Every structure is written in C-alpha cells, then in structure tokens.
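Take this structure, written in structure tokens, and hold onto it; I'll ask about it next.
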Amino acid sequence: MPSAPMSVVMNKEKISRTLSRMAHEILERNPDLADLALVGIRTRGVPLARRLAQRIEQFDGPKVPVGVLDITLYRDDLTAISDHPILRKTEIPFSVDGCNIILVDDVLYTGRTVRAALDGIIDLGRPRRIQLAALVDRGHRELPIRADYIGKNLPTSADDFVQVLLEDQDGVDEVRIGKLERIK
Amino acid sequence: MKRLLKGGRVVDPASGVDGRADVLIEDGRITRVEPNIATADSEVVDCSGRVVAPGFIDMHVHLREPGREDEETIASGSRAATAGGFTTVACMPNTEPPLDNGSIIEFVLTQARRAEGANVMPIGCVTKARKGAELAEIGEMVRAGAVAVSDDGSPVASPLLMRRALEYCRQFGIPVIDHCEDPDLAASGAMNEGQVSTALGLRGMPCAAEDIMVCRDIRLAEITGGRVHIAHVSAHRSVEAIREARARGVAVSGEATPHHFSLTEEAVRGFDTHAKMNPPLRSEEDRAGVMEGVLDGTLEAIATDHAPHNAIEKDVEFERAPFGIIGLEMAVSISLDRLVHGAGMKLAEMIRRFTEGPARILGLRGRGTLAPGSHADVTVLDPDCEVTVKMDALHSLSRNCPYSGWKLRGAPVMTLVGGVLVWRRD
Amino acid sequence: MRLKARDLLGIEELDLQDIELILDTADGFLEVARRPIKKVPILRGRTVVNFFLEPSTRTRSSFEIAEKRLSADSVNLVGSGSSIVKGETLIDTGRNLEAMSPDIIVIRHSSSGAPHLLAHKLRSSIINAGDGFHEHPTQALLDAFTIRQKKERLEGLRVAIVGDIAHSRVARSNLLLLRKAGAEVTVCGPPTLIPPHIEKLGAHVTSNLAEAIEGADVIMMLRLQLERQKGGYFPSLREYFYYFGLTVEHVRRAKPDVIIMHPGPMNRGVEITSEVADGPYSVILEQVANGVAVRMAVLYLLLGGSADEEAA
C-alpha cells in the first residue's frame, strides 16, 4: 500500500495531450491501417485503448476495432499472491489472424504482464504483428520487452508506487507516484 | 483380611441406605454398614468426601474374546470395567465363535478368573450360532454360568422363535435380552432415519424398526409369562411402550446407554464413524425420551453397549464402518454429568440404575447392594470432580468413541471387587 | 478473492459469496471453449488425479477436459483398475496417491462422505465429484450457472426438481444451492422416493407433477435408476411415467420461458419424452458445455491455495 502523500505527475490535461500524441504516432508509423486493432489489457489498458481508438478516428484515421484481454490465466505468479486474481472475460470481437495488434497498458514495469498478454494473444490466433503502447514506462524491466509508444518515461525506484487513475473507473484522470509502505 | 471404608457417604438404594457410614469388609463379603465402626485389625481406606456405593454392574458389554482379541480381551475389558467404576460386566455372546454352548461359557469364566478384573457374567446365545433358526442349548449354558440369553447385534427376528425362547427360559428364571430391530425396515441403514440422514445422503434406520419389535416382544412376554429385557433402548416410542407395559404388570425391562441419552444424530454430521452405532443416535425427541425413561425408572439399567473396534475398521467410509463405540470408562462420568448434574436426578436413583436395576434384571444374588452378607463389590465415587476424557489414558484396547476431550463432572475414584482394591484413580 | 475452503466437498460448505465467485469465474472460462486453441497455461505443472470409484462418463470427461484446458497434468484412476477392489482401504489408496504429490484429487465414490474422509486425512485439495446420495457440488454449480445464463438471476426463481429425490445427490446439492441463492424449490416424486424431512432443507414437497410445475421458471428432471423398481419404490416404469414423466402438456403449465434441465444420462420415455428433451425449452446440452467452464473455475480457484501457507 502506498503511504501518503502521493504526488501527481500527470493531470487530466497532460494525459489527454499525451494520448493525442500517441495516436498521431500510431497513425504515422502504421501506413497500412486496414488491419490495425487495439487490445487493452485489463483493467486500465481497456479505457486507454478506447480513447486511443477514438482519437485515431478523430484524426481522420479509420474506425479501429478494440478488444479486451484478461491475462489472469497467463500470469506466472499464481501461487505467489495471497489473493487470487478474479478472472474476467476476454472479449476480442474480431479475428486476430493477420491483424496488426497494438497492446495497450497503463504502466510498463517488469514486462511480465506484457509477456502474459503476448501469450494470451498468440493463443487466440496468429497476428501479423504485435506492438505495445503504455501510458507510463517506469523502467525496471525483468524481461527483454520494450514499448513502441510511450506516453511518459517516469524514472522510479523499486519502492515507488505508480498509480494510474482514469475517469471511466476512478472518477479522475491522474497519474500519481508515492512510496510503497514496507510491510514489517 | 479386613478392610474398612471409612468416612464416606454410603448410598445403597437396594437397602434404602443414604448417609454417613463406614463399610466393613471381611473375607470378600460386606459384614457391617454403620457409622463409626471401630476395629483395630483392619486396613482403613479413607473415603471421606466420597460416595460409597455398591459395585456398579454393566449388563451389556462386548469383550470380543474369543475371536477379536485385537479389539478387546476378557482381561483388558474387565480391567477397563474396573477403571470405569464397574465391578461386574455381563458380556454379549456375539464373539467368534459365538457363546452358544456350555463349554465356551466355561472358557469365558476361566479367562475372567485369570484376569482378576471385574466379575464377568457371560450371556449365552438364544439361537445356535446366532443364526435365528433354532434354540441354543440354553440349559447347558445356564448350568455353566450364563446369566441371560441374547442374540445381541441381531434381533430374534422370528416371532415364533422369540415366543419359544421366552417360554423355554421361564424354567431357568433368566431373561431373554433382545436387540430390537426389524431387519427389513432397518435394512442397510447406517444411521437414524431423519433430517440428518436426508442431509447426509445416508440410508436411514427408522425408529419404528425398533419400537415395532419392542411392542412385539412385550406382547410375547405377556402371553408366555417369560421375562424380556430390551437392550439399548433408543427411541422414545420404545420407552413409552415399555412404560405402559410395566404399568400393566408385564415382565419387561429396559436399559439405556449413556450415548443414547447424551448424544443425537447431529453427532453424525461430518461423517464421524465414532458416532455410528446400532441402534443409532436418534433425534432430540428420542434422546429426551430415553433420558426421561432413565429418570422415571422405566429403564431400570444403564448399560454401555461397550463395543470395541479396531481403528483400521472404523477409519473407512461411513457406510462401511462397523457399528459400535466403547463406553466402559466414560459411562459413569457421563451419567453423573448429564443425569445428576444436568437433569437433577437424585444420586441414589442414578446409582440404582447401575446396581439394583441390573442385578434384579439378571437375577444376581448378593450383588448390586451393600447389605451385610453381599459380595464386597464396591464403587467409590467423587460426584463433583472435573475430568477430561483422554484417549491415551484408557485401559480398553480400542479407542472408538466420540468422547475424546469431553469435560465431565463426577467420576469413579475406586473400585473393589470381592473386597480387593482393583483400581484407584491416580 | 478466493474460496474460503481448500476443498470442494459440497454446497453445504459454501456460502453465497463462494458460489457467486465460482459462477463469475466460470463466466470468464466460457470463452476459452470458443477459441481455436482451447488451452490456457495457468495450471501448467499442476497435477490432478481423477479418482473415480463409480462408473461415470460425463462427469469424468468433463473434469478431464477442464484440467487439460487449464494445462494441468491429469491422471485417471477408475474403479475397476484401482486397488480398492483388491482390499486396500480408501485412506491407504488416498495416501498412495498423495505420495505422488497431486495438487488436487477429484473423487467420485458410491459412499456418502467418502470425500470428507479423504479431505480429513490428506493434504491435497479434494473435489467431490459425487458421493453416494449426498452431494454433487459441481453439477449444482453448473446447473446454477446455466440458469443464471438464461434467467440472469437465481433469486426469486421457481424451480421444480422432479424424480427420485431420495437417492439423488444432484437433487440435494441443487436444493442447497438454490435455497442459498434465494430461489423457491419444489421437489416432486412418488412419496417412496422423497426422503424424510426434506422440507427442513427448505423444499416444498409434492407428489403432484402438475402442481410442482405450475408457474415454474426451471424444471430439473432427475435420472430414474431403473433398479429402484426392484427395490419396491414403484410398481412399474409405465406407472412411473404416467405420474412423473415430463410431457409437452405438463410443460404448458410452467412459465412460457421455462427451461428444462437434466443432469444426464436420460431415460427417454421414462422420466422425459423425447419431444421435451429435444424441444425448444431444453438446455440439456448447454449444461454439458457449461460443466467444463464451471469445473475449470473450481480447479482454478482451489489451486494457488499454498500461497497463504507460504506467507504464514
């Protein structure tokens, strides 16, 4: 649990501008938009993927399909956590075969979530290409994984706690950072 | 050799004694029961603060010898008896082979003499090999020392054969002890039929399987003039039938086990095979009915139905487990706790169920009383001490019972058989 | 979130929160069956023993498919091949299985309470796949899942359970679950096949099929064991069908959107007509499909149980 106080590193306006920039980057780097699809990693990757899709459409791009991926079944820490993650539905209403998929997550940290998401996507079919978008990259990777689109690089230490809050779920758009309280 | 039990409260219901007195024992017999006996040459046993009662009689135990000496022997069972406050036990004949002839009755008595524990009174089979087909040689067994007959574990299913047994036993003055259970109605049941059997999905044995046969036996006793004793009464309807018949003067008696007045079918939840016995633990209404029968004397005797079983055989699926629990070393404490402290029964009445009651039913002369001239079988009680039932402290070879850890008020503290102090609580 | 117990012995031991957790989790697993690659890695390296001491085709294969889809290694040990028939006790067989370090033992046994005995003696998690006439919790869970799928709720529904209630673990588990979830349950069958005091478990009782079905949202038909006739519970299959066989005429008395369930295997023409079994209200095949998802949910929720012990 984070101990108070936490400082705000991105506010609503900053998040909005960042997402717009990321949408532009996606448009620039993917000239062939026909088979582009966004897949949000539960839970906060999902509203982020929806917002990116919205912006791509606003910037005269195509209507990009959005899927939802639950990575619970691909986690490598089932016995290391005291509380079981609740399994939620994976909802990908399109075939991933041959798609150009952009995975969307809120925070990129150890890379283990992305590893699980890659396994999850690949079990669903054979995409032509998979890219990764993250609102925050806080470093400390434990796997050889990097993001293609990064909202903000946030240097942190291991005992920092990064929290992304989004209006859809939390009533406010904010990225906060604080110290983890050590459990004695 | 003289021994003086000094300073206790002597409670002997058979002779109407209840008060401070000393008990003098000479050569294995009671010689005097009076206040302040002064003798110079006797060993004095301090009984102050204790209750001195006639030796308790358990008229229904299974000693498993011959055949299942891994579960109990006559020696271990008779020692467990004395450690439970009993000076006499009557053992049931469902051994392997069964006690259905004179020589095997003699074998039991020989083993009992060697054991030097409680007195052992064998009960013979009603029918040859307990098969329910033809009468065993009852006269020969009586000559050898059998005190009653029973096919316990099974009923005498045929009404005609039961009638003959009651008629035939009249000439010996012994009771026929019946395990009342209609074999069709109770077939393949594992517990009482009722709410709990429905919840657990176990086949039930209805109360009616018992009380129907109790009523049958009462009518047969009535028309034959024989004496019938109903073993381990478990259903309140059976108690009512016995009460009504006794009021009419029928020669019927009954016994209650401590488990049937202290536990209900609820104990089976969780599939505890230590709560599996036959007749089964029944509903609260039945438990209360059995207790009422003990309190008002409809059920004259408290008996344990001590039924030792090997742990390997009990540690199985509920339906496969054998029926029966041990009880010799807890019965007196459970009775003091539940009847005297729990239900306000007079101590003298409770003692009567363990002494005068079974002695009358089995026709034991000179036992179940402290009247001068009687055998010097004595049970000394501390009705108020707190005890915890501990499995590793038992003398029985078996451990199958649901009482582990029970905290009870009241316990036997000393047992004398034939004037010899055979057991004393540490 | 996790289940409160380490075993699934019966519905009796679950509270409504546990039941909802299992059903919600099963929802997530339903999607796996629609994938081209019907396998997820979450129980990779875990071992599950399916210990079936009573013949069973569908429950065992349902568990087996669930285990395989979760990437667990599963071993089947069935009645005739096991050492139980050679005189070994259940506990000894259980201990021998445990020596091979399975994470879960799924047991089907003809004796009520057998899974409880194993749970008491072994460290592995035990799943009761049906014990005697006692419980069959995963069947009740998959039935509840199917009802929820069709009706979007359990609370307040009227459910009729029809057939041999006395010898049915499916009836007991369903009754317990539906009552916990706030449904109204009527059990119906010949009085010889209604166990005593079943009303104390919260059921209405009737031997009139029309009355049981009147206004029902759900009708659950039970399999009639044909050997009960020899036990004297009813005189003939013909007569049983006359009073308790489900026909289209009966179904008209229920709600227009009634669903009809059967745990299988069906005796067509004994407890149910083919018209009803294959008719538009029947969800019998959905039950089978949902069974896999529900069993995946149970396996998933019971594993990972070592986490707390390690932390302690």
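The chains carry the letters A, B and C, assigned in the order they are written, with residues numbered from 1 in each.
Everything that follows uses one rule, which is that a contact is a pair of C-beta atoms (placed from the backbone, for glycine too) under 8 Å apart; a residue touches a chain by one contact, two chains touch by 3 or more.
All of these numbers come straight from a predicted model, not from anything done at the bench.
Contact with chain A and chain C alike is made by no chain in this entry. Each chain gets a centre from its C-alpha atoms; the one nearest the centre of all protein C-alpha atoms is C. For chain C, the chain whose average C-alpha position is most distant is B.
One finds 40 Å separating the Cα centroids of chain A and chain C.
Rounded to whole angstrom units, the spacing between the C-alpha centres of chain B and chain C is 45. In whole angstrom, the spacing between the mean C-alpha positions of chain A and chain B is 76. Residues 193-195, 197-204, 270-271, 312, 315-320 of chain B are the ones touching chain C in the complex. By the touch criterion stated above, chain A contacts chain C in their complex at residues 70, 72-75, 78-84, 86-91, 119-120, 123-125. Within the complex formed with chain B, the residues of chain C that make contact are 12, 89-91, 109, 111-114, 116-117, 131-135, 169, 172, 195-198, 200-201.
Against chain A, the residues of chain C that register as touching in their complex are 1-2, 21, 24-25, 27-32, 35-37, 39-42, 70, 297, 300-301, 303-304, 306-308, 310-311.
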